[in-house]
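So, here come the structures, one by one.
In the two assemblies presented below, chain A is common to both, partnered first by chain B and then by chain C.
Up next, the complex of A and B:
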């Protein structure tokens, strides 16, 4: 598809009004902003998936009979929930990252094992995961004890009860809260710019530093996040509707 | 943040030093002329004290470096005593305007805007530009050697784009120099692109002994030393002084003395003036 009309329009807009949309007509800026957008999407999707897995597994371990398992899960939640995500990113990347084993990169230098993107995934997933554990716990606790007893009476073991009875019910109860947390997670991915992950804010920042078009790029950034988060919310709501059981929860 | 604290400390020190100067030498609130300096018997020069090796504090707390040495040259030529006042980028021109210093040699980039405020003496005595700092064993020779190489930078720096677009480097930009240097040290990038004068100051540190600044400096911007507006005779005197520094190779000599590889600008100026 030919987009040259749009580039001409943006260039004309700049000459006529001073509104400088470099990320439309300048191919270098356009490419890097597009790459930033894709990296944000990519980072968000991975973190969303991982944080949900952490939430489900964590909530199950929280109900363990072993006291140390429960304590470890509790410790994890406290650590990640009580520290700012930006501090976590710095801590993981610069402090823990430097303790990681190194490998020789293609330039013949020793480089730590995990790169900044991986650390962002780890840090953000565990951060959102800590909240997800608590969110799933709220759902699990809403499942009536009689229901669980009924499952036990039918011969389900603890894992089976969790998987086939508790989780499906709990999930429906906690979806709105989960929704909130996942929206927050997508927005928190912007913090990864602190450890030089080339996501959307990082790219936008460099663009407006080069062209001093802060208001224009800011505006784009804002709308891009409204769009991305809107998409997520729409997907979550569809999911909520699809999971709805007539007569349950309302 | 570190820089902010340092600036604040230096600012306070400078303010105290100035209070002292003001109490000893009242009536210096006008543009200082050459005659006034000679009558006063003291040349007050504003220099940096946090920019190794151009102006920094030695272990005794004395201000030393390339620029303080140049200031001493001026005082010697005038036959007056030298007094150094530490300045920072945000107050150096004001100090000159207010007559708190007679002369400013403080790593200042020469720009048309600044020339309107203070009398920047020509020719320029020094210059700085963009370069990279890399481990010696990386053996970079040309900017194009950076193609595909992860290069640390500072978010928002204007040369990031150039390094990426023209030379094909993979820019990994952090918020501040501390993060970028840590990343370089940890091996997350193979070079760090920044102002060459800053890199030179870092390379003077034994911590960075295995690193060097292998490329040719680009985007060179000249530095200007300045006197107050209207001090024409003083400016003319300083202009001769600078020509003489270039002619005799004084700048090159000081660079070598303070462990700085001779900069292309200093070499070029020496070539230009040595015949005169």
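Up next, the complex of A and C:
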């Protein structure tokens, strides 16, 4: 598709009004902002997936018979729930990151084993995962034993009971709380700015530092985030409505 | 004459049941989801043991640092005591910012929330849009927006009104607060049973009178716990102002560390910062829980 009319329009806008949309007509800035946007989406998606995995595994471990397994999971939840995510990010990147071994890259410099993007993924996933553990656990706890017994009486085996009765119910119970958490996670990805992960806020910061067009880039940034989060909220709410259990709740 | 506020959902008796379909865990999860949706953030769950752990970390790390530093250097706790006024002044700044942002956010947010239940569609849709916009924007982006785009001073004629960075940070933090207060107000008004509206209409109150004399006084009780939770979240969010360079506690802690140039101070000083926030937020959290329990709606 030919976008040259948009570039011309943005250039004309700059000459006519002084509103400088470099990220539209300048290919370098455009690529940077697009990369930042994609990195934000990418970071969010990886963290969403990993935090769900952490949530499922954690909820499973919390049902363990071993007291210490349960205590460790509880400690993990307490730690990540009650400290600010910015502090967690700093802790992972600066404290644990500096203890990790380094290797020599092809320019002959010492490079840490995990880069800042990976640390952001790890820290944010553990942050959101801590909430997911509790959410999944309450979801599974909410399914009454009588429902499971009823499924057994109908000849379902353990796996089938889990697959067709417990999980669908538990998932529907979890969904509203899960949605809030995931939306919150996407908003929290902006904190990765603090350890120089090239996500949208960081890239926008570089663009307005280079091109001195703070108001334009800033406004675009605000609307881009509202659009991203709004899209997620809308999609999750319609999913929630589609999966609503008839006869339960309002 | 309006008979019934149109924007409240009708009571759906056909879809409810008295049978225990799911166990209480489902209800508590649903309540939590509703609360977090109103606040736009997850709440920390504070416990007095967390305070003890923080204090222990502070003391142990100070001891370890002392042992590593050797005899010639100033004891860690003495260094901490010497810098205490600087750090506490920074913390005071956090509290001032949180108070002002909460005050501004509550004032504007209440009006925005009342506009959301207006009978005029443009007012309703407009205020709904503003609320959703600021609720869905990340706090840090809103903070950046205000920090960079508000001028550092206003000139009205010959009068120069300075606009320091902390005021801009306060405005930046009050934007998400006002959107969440707006949701809290709307939720509280919607949670009042429609019988209250109908009864007061039958007593010939007009809409303004119903709202101010009957509905809102009942709402205050329901709004207080989420409002206090929002304040706790805001207080913890004030450290974000350190990213944009306001001299609050986190920034001051960084400066103290730079001035001392002793890496062994890192953990004691940051755990002191955490401890200050804990000491401030814990009573609020306990009080909120107590209020929540007292004001719980009994059906």
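Methods note: the second predicted complex is superposed on the first by the 214 of 250 C-alpha atoms of A that agree within 3 Å, B and C clash if a C-alpha of one lies under 4 Å from a C-alpha of the other, contacts with A are read in each partner's own complex, and residues count from 1 in each chain.
Convention: contacts are C-beta pairs under 8 Å (C-beta built on N, C-alpha and C of every residue); 3 or more make two chains touch, one makes a residue touch a chain.
Remember, it's a predicted structure, so these values are computed and weren't measured experimentally.
Judged by the touch definition given at the top, the superposed model places A:98 against chain B, while chain C stays out of reach. In the superposition on chain A, A:209 makes contact with chain B only, while chain C stays out of contact range. In the superposed pair of complexes, A:86 makes contact with chain C only, with no contact to chain B. In the superposition on chain A, A:174 makes contact with chain C only, while chain B stays out of contact range.
Look at A:229: by the touch rule set out above, it reaches chain C but stays clear of chain B.
Of the two partner chains placed around the shared chain by superposition, neither chain B nor chain C is touched by A:41. Legend: residue contacts after superposition of the two complexes on their common chain; A:114 is shown touching neither chain B nor chain C.
Once the two structures are overlaid, the count of chain A residues touched is higher for C than for its counterpart among chain B and chain C. By the touch criterion stated above, A:194 is placed in contact with chain B and with chain C alike.
193-194 are the residues of chain A that lie in the contact sets of both chain B and chain C, per the superposition on chain A.
By the touch rule above, chain C contacts chain A in their complex via residues 9, 12, 15-17, 20-26, 28-30, 32-34, 36-37, 40-42, 44-47, 50, 132-133, 136-142, 144-145, 148-149, 236, 239-240, 243, 270, 274.
Listing the residues of chain A that touch chain B in their complex gives 28, 94, 97-98, 102, 105, 107-112, 115-116, 193-196, 202, 205-206, 209-210. For chain B in complex with chain A, the touching residues are 135, 137-138, 149, 152, 155-158, 160-161, 165, 172-175, 179, 182-183, 186-188, 190. Residue ranges of chain A in contact with chain C, taken from their complex: 78, 81-84, 86-87, 131, 135, 138-139, 141-144, 169, 173-174, 176-177, 179-181, 183-184, 187-188, 190-191, 193-194, 201, 208, 214-215, 218, 221-222, 225-226, 229-230, 233, 245-250.
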